[in-house]
Structures are given as structure tokens and as C-alpha cells.
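A quick write-up on the structure given underneath.
Read from first to last, the chains carry the letters A, B, C, D, E and F; within each, the first residue is number 1.
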Amino acid sequence: MATIQPVVLFFILGVLAGVLKSDLKIPEALYKSLSIFLLIAIGFKGGVSMAKYEIMEVLPIALSMVVLAALIPLTAYPILKKLGKFNQADSGAIAAHYGSVSAVTFAVGIAFLDGIKETSEGYMVLIMALMEIPALVTGTILARRGAGGSTQWGKLMHEILTGTSIFLMVGGVIVGYYAGMVKLVSPLDKMFMDLFMGVLALFLLEMGLLASARLSAIRAKGPFLLAFGILFPLTAGFFGAFLGALFSLSLGGTMMLAVLYASCSYIAAPAAMRIAVPEADPAVSIGASLGVTFPFNIFVGVPIYFEMAKFFKAMF
Amino acid sequence: MATIQPVVLFFILGVLAGVLKSDLKIPEALYKSLSIFLLIAIGFKGGVSMAKYEIMEVLPIALSMVVLAALIPLTAYPILKKLGKFNQADSGAIAAHYGSVSAVTFAVGIAFLDGIKETSEGYMVLIMALMEIPALVTGTILARRGAGGSTQWGKLMHEILTGTSIFLMVGGVIVGYYAGMVKLVSPLDKMFMDLFMGVLALFLLEMGLLASARLSAIRAKGPFLLAFGILFPLTAGFFGAFLGALFSLSLGGTMMLAVLYASCSYIAAPAAMRIAVPEADPAVSIGASLGVTFPFNIFVGVPIYFEMAKFFKAMF
Amino acid sequence: MATIQPVVLFFILGVLAGVLKSDLKIPEALYKSLSIFLLIAIGFKGGVSMAKYEIMEVLPIALSMVVLAALIPLTAYPILKKLGKFNQADSGAIAAHYGSVSAVTFAVGIAFLDGIKETSEGYMVLIMALMEIPALVTGTILARRGAGGSTQWGKLMHEILTGTSIFLMVGGVIVGYYAGMVKLVSPLDKMFMDLFMGVLALFLLEMGLLASARLSAIRAKGPFLLAFGILFPLTAGFFGAFLGALFSLSLGGTMMLAVLYASCSYIAAPAAMRIAVPEADPAVSIGASLGVTFPFNIFVGVPIYFEMAKFFKAMF
Amino acid sequence: MKRLEIVIDEEKLEDLIALLNEVGVRGYTFLRQASGLGSRGTRRPDDIFFEQTNAMMILACEEKQAERLVTTLRPRLKEFGGMCLISDCAWVIGPAVSY
Amino acid sequence: MKRLEIVIDEEKLEDLIALLNEVGVRGYTFLRQASGLGSRGTRRPDDIFFEQTNAMMILACEEKQAERLVTTLRPRLKEFGGMCLISDCAWVIGPAVSY
Amino acid sequence: MKRLEIVIDEEKLEDLIALLNEVGVRGYTFLRQASGLGSRGTRRPDDIFFEQTNAMMILACEEKQAERLVTTLRPRLKEFGGMCLISDCAWVIGPAVSY
């Protein structure tokens, strides 16, 4: 069995602080600063390692994986509607969250690979950034099919494309790619690569605090969401690992694709759904995403997705 | 004579900024972020080096040193009451401050040892965290003996045990210990060990600003508090160095125990005393602690405690 | 041609975020924290390398370069008044901005030198700190010659000398110098040197955001200010490179003097001019300084100043 | 219309909000991190050592609702700390009514 | 003198300021990051997931100016969200008049 | 009861507090980092280049106390900048009286 990364213990510390009603508080400015750092750093790291590939060669593969990600909300929606008995708006919004991705889960996956000295394709980060688009658009269509009132597509696309998450990740990729090309990665890596894990630690502490405050929101549909929040990412991850091996990604890359498919959003998606599907109740999607799926993924999921990747890589 | 660490010059810069009425301001969020970092880093560093010991072997020694720390407020109280002519509540509260410890003074001690390539036992940080309990409880009992109104013991213990200081330090110890055991200290140390001194520098800058604003509060009892704030820590440090050598700690560990006994709190203790002894005047205890004893310890005390440690280590 | 440093791409990202109306926001506390870090780091780095010189030897050279910097506002003033048709107050205030310096442009220059493995004299940072004084005083005199009402000289000098910029830079120099002398640079450099470029990256991101919001302010005098904001620093930089070579600075030092002469302030100068010349319109000077000259300098100017330095070093 | 202005211990804010919900209040505005002086001395968020802060709440509602609110609030005001002021005001019709 | 107290969506703040400038208002005070409950539900800056916040504006002016202002403001209040209260007050003469 | 609402240059806040202490005021509430427009132009904490900010103080007291206060305050208001409004209000008895 793979060892649990020390960094994820900070998530437990955060949950504990919440449960014990500790007066520990992460200043809002620190939370925002850490997330700016992480997004740039994830992009930068990906960009630097992309500088080693011919972009045009990988583009078709990357795009297919992005497009196929639209299958995730399409699968989640009927489950949520039929089995979960959620209304149309909520089902679509939750489906959009699960189709979308979590940069922090991605970061934990990268940390896991670092720990066992494996690497993944740099362009995974571009896939991550692009995957938001089909996920959020599909979720919105599902949520609003036949509903009265017009969907604010313009505002939604602006929110998705210029939202902090995508903007900083893509920006980081560009700078990292350029730095890799001109061979001037060096002084920037001292910050954006070396400190990555430490910053992730502090961020996970805050995530734990947030998660412990959010769990109560899913009480009403607790059992269903608990099952869904664990089984759905496992299935999506299985599908991701299969695809990754099919497209001949490296072992690390196959795992990371599984992580992307399995992870779900609690930052970009809520902001987008507020605009696109204002009638959905955000408390439920955030509660399931942050309170169930996120901790499951970082503690149990990531090692499992690695085993899945090994399994499929051995098959193809 | 030992050289003064460059890092402590930042404290002087902060005092100067206050005295010259510079418009330099450390944003509150930065101050809080730095203190979260330092507490985790102190714990993490201790935890990593604890992974090299058998915990059960050191536990009895550690606990004795914690229990013996209750002697500090018991000694301080009569001096403050008789010689200092403070009332019962103030005497107890100040005694609690001096029995308690300062994580930043501890950090300066660690920095001093780093500078001369000495180390100390990792579990010193656990002693530091635990020492708060007997100190604050003893101080509270002294302050409220025979006083009307019930003491809020439940609230006090909750404040002490789940307060940010103890919570983060113990949390850091746990993660560091685990990281040390599974040999995954590496990417986290880039942040929590390598940046320790630099973060301490910024924190000391703010401490200087705070100290220069606090000195005026002790004007009324200035001469007494100046004498007490220097002589008492010297005595307590002497006792700590004696105990450390008696318990066969390393040279560095002996010095650090002296530092713990000599240092006094200005963050955890004020918060705790506000709950337990609300009738005490916090301005006096913070003024003495931060305005007199803290600067004395980091500039003059630490090298002296090192000499004391050498002296007692040579004796036993 | 010299390569553009990856770090300056972050400025473009910031501008883009502004133009695209991204919801990216740098928390105010982060902006202030980064600028505190940069000022200390610039000073510290300079101080460490100053420890290698005899201070008394370089003092006369440094002082001459400071005094000669007063020529910059004296040259800028008539151009602004006659050609730019600004009133006396505005002409003096803008002249003061261009006589003064930009610590971030200085930082980009240092980063450029790092990239090509060149160094510069450590005391350049002292020159930078001192140059503010003749520039702001000269600008104020020009702005207020013959004007009614008394100039608040006392308040102005206090603002300049104890303002955050000079205070932290000089403070950094002192600590760095001391650390260099006692050979204890080591743990502090992990923060103040290694992270310099990464912090600069985040800071430039915010500068880009600020610049994109400020450009509209110069609309009325756009063409003139565009020309002035590019041609004036080129001339001043030419003069600086000439002086640097004349005073036998190193190649890197010659370039840095050109950078100092060419760069202009948008932080210290606005604050000082608000006190000394309250009747001047700050929007114009900040717009020209941050919206035109700053980006020109970091993208195009710095490599040009390096070529100028090479040219003059070859001549003398 | 009545305008209520309540200043309380920031730690009691969630309790106050719960109480307002019980009474059926449909609109209020509040600001955190307010400083002040009162019977318990100075409370300032910029005092790093104590972290005692107030929250300030403003609430416009109809006279009857205000009476009901004050009746429920009064017995708990001591525990909440601070003060509660009432004055007259007019609500500019236009936005969706939320009082 | 009249005292206006306006709470709106913080994102609309610059629009409100532009409107005030048009009407020729010479003085106002505002605070950002206000929390609140209204017809659009809860809006709180400390809710990291939504970032819906209000701004609170206070404005003292003469009766006539207030009338003009309200007339211009009313049709746009719905888009701005929030509320607008008016009450009476007196201006303590002393500082430069800015209303 | 009277309600005073004072907006001043944040840098003068400690002077104002000292003045209130002199007059014997027993309660007030203030918020820092207020933005505004007045006779000295725009003042906004989010303008990184100027850092000109206001503080807003609210103070409830008895009529007599208010008069005394205004008399002391008026001559210094110009130096403090900003404005001072007075209006009527009622104090909901309950918490310890601090006015």
C-alpha cells in the first residue's frame, strides 16, 4: 500500500480545529494569497514540463480528453435526478460540480507522484483548465432544459474563461512554458516549485476548516450524498484511468487523468452555477464536493487511482 | 562572546519605526499568517527530530520538566505582590505570563543554536506546548484565591487547549513526527524549515513595532517592572539550565530549557487571563513581557542561558 | 539581443486580467506584504554585497551620483512646462516622479543581471534610497517657486525619510551588511534572496492590474505623455550610463545607475507630492509613470541600458 | 418605518441572526470588526492581544415588526452586550421590499 | 438636512457613484464588504464560495437635493439591489460644507 | 437621546477619541477604512497610491451631553475634516447603560 502523504494530515488538523471549536482562523487574505500561489504554481510546473513536448503533437489527444469529460455530468445527472430525487436545477448543478475539477486534488495527486518519484505529462494542467468548460456548459444545459427565463450564456462564459482559476493556471502555463524554452526556470522555481508542498499544507488546513463547517449542509440527503460522493468519483476515475492508458499516457499521466475525472470542483463551479443556475441550492453541491468527495479523494482515492493506472497500463 | 544573530536586528528596526513614527505598518493579515507559519514550523521541526527518539523513553522526563514549571508562577507571585505592590489579581496574572512561554523567544533560541551548529532535543517543543497548562492554571488559582465569583475553568481549559498556539504547535509536531517516520520530510522542509529564519525576521519587525507601542503602559511601575523583567527571567533561566543538566539533556537542550523557563508569554497568556482573571489589567503584564523581558531575552538572555548551560553541563 | 526575463510576463498577465475584466484580485494585504518583502530583500542583498567593500572608499562616489540625480527633475521641468503645457505645480510634481526611482524597476534590472550572471555594486541600493531626497526636494521647489502658502518642509522630510520605502531599504542594508560581516547570511538568504524572483513575479502581476486601471487617466495629454514617458527615461538612462562608466563602476553597476536614472517613482513620490504639492493632480504623474515608463523600462529599457553600459564601458 | 441600529459583541453575531430569523425579519445589514467603547471598556480589532470586536447591525422594518423585535431582543441584550437604537426613517420604494 | 442610507450590491458601487456625480452630490461616505439579508438571500464576504457582498453608503444633503437624488435613483434601485432609507438630521456647522 | 454620526480623516481618529474622553463620553462605536467624497476630494482605502481614508464614528448620548460634545467638537471639526450629523433616536433599555 502507498503511504499517505504528510501534507494531507493538515486537512485533518483543519477539520479537528473546526470540530473542537478552536479559535484558529486563517485570515481571508492568506487564503486568497495561497490560492493565487497554488494556481500559478500548478500552471507554471505544467508549462515548464510542456516545454519538452511538441505542442502540436499532444493537442489532439488533450482535446479528446477534454471533450470526453462532458460524459461525466451526463452520467451524473440521471443518477442524481432518479436515485437522489433532486430537482432538475440541483441535479444539473451538482453534475456540473462533478464534471469540473479540483485544482487542490490535482495538487495532491502531483504531490503523491513526487513522493514516489513519478512524473506526469505537463499538459495535464491544460486539460484541467479546459475541462471546466464542457463540464460547466453541459451541467448548465441539463439544469435549464425547458426551464423558463433565459440562461446568461455570455456572462457564464466570461465568468468561466476569465475567472481567477482558469486565468491564473493558463497564465502560469504560459510563463512556465516560456521560461522552459529560454532556459530561465531557475530563480522562479525556488518559489513556485520548491514551496509548492508547504503552501499546499497551509491551504489544506483551511480546506479542513471549511469542510468541517460545510458538512452539516448535506444532512437532509446525507446517506445518498455520502454514497454518491464516494462511488461516483471511483467510477469516473476508473473511466479516466482507462482513457489515459488507451491514449498511451505515462503511468503518472494516466493516474492524473483519473484524478481529474474523479475530482470535483468547489470553487470555480459554485461561482459559475450561481450565475447560470441561480435557482439551484449551492449548499448541497459544496457540501458533497468539499465534505465528502474531496477528503475521500485525497486520502483514499489518489492511491486507488494509481493502482487503477497501473492496472490499465499493464493491460494496453 | 557569542555573536548577536542578524535576525534579531529586525526587532530593533521595528522599535525604531515606532519611535520615529514611520508610516511602516505590517498588515494584520500578514502578522497572523506569519504567526501561523511560525507555530507550525516550530512544531514541525520538533516533530521531525522527535521521530528519532523512542517517545515512551522521554515522556517521564518531559512531564517532570512541565510539572516543575509550575514553580515559576509560585515564585513570581509573592515577589510581585510584596515587592511590586500589585494587587492579587494582577500579581497572579503577571505570574501566569512569566510561567508561560514565548514561542518567538524559543525560535530565537533555536536560531542561535543553528548559528553555532548545535541542536536540541525535538521534544522541547512539546514541553513548550504543555508548560502553558500548569503556568496558566497556577497563575489563575493564585489570582482568584478567596475571590468572589466563580472561575470559568471550563472556558479557560478550552481556551488553553484549543487556542491557536497550542493547537498549531502540537499539530505541527504530529505532522513532523509522521513525516519523519515515513521519511517524507523533504518537500515540506523547503517551506517550514528553510524559510523559518526569514519569516522570524518579518515577525520580529512587527514585534518591535508592537513593543514600542506598549512600553508606555508600564510607566507607573516602571523601575520595579524593569528590574523584575530582567532579574526574574535570569533566575528562572538559571533554574532551567540546572534542571536540564540534571536530567542529562544535551547542551542545546539544556539551554533551550533555560530559555523556556526564562521566557514569558504575550499572546496565549493575555487571551487566557482575560477569561480567567478579567479583573487584572492586561496592559501591565503585556508591557512588562513584551517591552522588557522579550527584548532582554533575545539580545542578552539567550547567550547568557547558553553560558549557564555550559556551566551546568560541566558540573554534572 | 538579450532575452526577456520570464518574470516580466507576469506584468502582462496583470494587464490582461484588467483588460479582460477578470475577477482576479490581489488582496490588499498581499500587495503590502509583497512590497515589504521586496524592499527588505533589495536592501538586504545590497547590504550583503556591501560588506565586501570599504564603505568609506565608495561614499564620495555614491554621494556624487546622488547629487547629480538632482539634474533629472531640473531637465524634466522645462520640458513638461513648455512642451507639455502643464501648469507649474503639475510640472514640478511630474519632474519629482521622474527624478525619483522605482524599486521594482531596480529589481527587474537586478533580475536581468542575475539572468546573464552579471553583478553590480551592492551600494547601488543606498544610492537608490538616497536619490529620493534630491529628486523630491528639487521637484517641490520647482513646483512651489513663488507660489503662495508655505511648503510643509518638515512634514515632507519626515515623510521621505521615515516613509516605508526608504526605511525598509536602509533597514535591509544594515541587517544585510551586519550579516555579511559576521558571516551569518545563510538562513536569511533562503528567504530574502532565493524567493526574490518569485515574489517579484506576484508583485508584477499586481502592478499590471494597477497599470491597466491607470492608463485612462492620461488620456487628455496622451500623445505628449507617451513620448515623454519613453524618450525622457532613455535620455536619463544615457546620462546615467555615462556617469557610471565615468566613475568606473562595473558593467553591471553602470547599467544599474542607468536604470536608477531612467526609472521613475509611483509609490514614494505620489505620497510625498500629496504633502508638498497638494495642488498637483496625482492621476497624471502616476498614469505616466506606471502606465508608460514602467512597462517601457522593464521590457525594452533594461536591455537598452545594458547596451548603453557596454558602450560607455568600452569608451572609458 | 423604523430603523434599528444594534452594536454587539461580534462573537454573539450568529446568536443575534438566529433571533432575527425566529422573529421573521426579512432584511438586515451588518458590518464586522467594529471598534468601540462601552460598559466593558475598549474593544478594538486592531489590538492584536485581545481580539475583542463588535458587529454593527442595521435593520429597517415596519413599526409593528420593530415592536415585536424589541420585545424579543430586550431580555437578551445584556448577554449580547452593546446597544440598540431606534429611530424613524422612510423606505424609498423601488427595490424589492425586504423588511 | 436629510440623511440617506443606501445598501447595494458591491459590484454596482461604481455605477451608484457615477449616478451621484451626475446629480451633483458633493459628499458621501461608504463602506465596502457589508453583509446582509434581503430579497436575494444572504450575502456575506466571509462566505468564501460565493463572494456576494454589499456596500453601504451614507449621504447627507439638503432636502431639495435629496428629492432630486431619489427621483434619479428610484428607477435604478432594483438593478442595484438593496435598500434606501431616508431620515432627518442636522449638520453640525464647522467643517467645510460638502453637501 | 441623540445620535451623532461623525466622519473624519482616519489619521485624526486618536485625537477625536481623546476629545471624547475629555468630554466624558462613555460609549461610542467606530469603523475604520471608510471611503468617501468631500471637500478634499475622494478618499479611498482601495487607492493604493494615496492611502487617504476616513473613520466613521457613531455615538448615542443624552441631549445635554450631545450639546456639550458639539460645543467642544465644533472648533476642531475643520482640522479633523469630514462631517458631523445629529439626529434623534431612542435607546432600547436592556444592556448596561453606556452613554
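Throughout what follows, a residue touches a chain if its C-beta (ideal position, glycine included) is under 8 Å from a C-beta of that chain, and two chains touch if they have at least 3 such contacts.
Note that the structure is a prediction, hence the values are computed from the model and not measured.
*Asks:* Of the other chains, whose C-alpha centre is the longest way from the centre of subunit C?
*Replies:* Result for max centroid distance from subunit C is chain D.
*Asks:* Could you find the chain whose CA centre sits the greatest distance from that of subunit F?
*Replies:* Here the answer is chain A, farthest from subunit F.
*Asks:* Averaging only over C-alpha atoms, locate the centres of subunit A and subunit F and give their separation in whole Å.
*Replies:* Subunit A and subunit F have C-alpha centres separated by 48 Å.
*Asks:* At what distance in angstrom does the C-alpha mean of subunit E lie from that of subunit D?
*Replies:* Each chain's C-alpha centroid was found; their separation is 19 Å.
*Asks:* What is the distance in Å between the mean C-alpha positions of subunit B and subunit F?
*Replies:* 40
*Asks:* Specify, in ascending order, the residues of subunit E that touch 2 or more different other chains.
*Replies:* 31, 46, 87-88, in rising order.
*Asks:* Of all the residues in subunit B, which ones touch at least 2 other chains?
*Replies:* 27-29, 33, 195
*Asks:* Show me, using the given definition of touch, all chain pairs that touch one another.
*Replies:* Result for touching pairs of chains: A-B, A-C, A-E, B-C, B-D, C-F, D-E, D-F, E-F.
*Asks:* Tell me, which parts of subunit F touch subunit D in their complex?
*Replies:* Residues of subunit F touching subunit D: 1, 3, 20, 25-32, 58, 60, 87-99.
*Asks:* Name, in rising order, each residue of subunit C that touches subunit F in their complex.
*Replies:* 28, 31, 210, 266-267, 270-271, 274, 282, 286
*Asks:* Can you name the residues of subunit A that touch subunit C in the complex?
*Replies:* Contact set of subunit A toward subunit C: 27-29, 32-33, 36-37, 40, 158-159, 162-164, 167-168, 171, 174-175, 178-179, 182, 184-185, 187-188, 190-192, 195.
*Asks:* In their shared complex, at which residues does subunit F touch subunit C?
*Replies:* So the residues of subunit F in touch with subunit C come to 45-46, 48-52.
*Asks:* Can you list the residues on subunit F that touch subunit E in the complex?
*Replies:* Contact set of subunit F toward subunit E: 5, 7, 31, 33-40, 46, 54, 56, 70, 73-78, 80-88.
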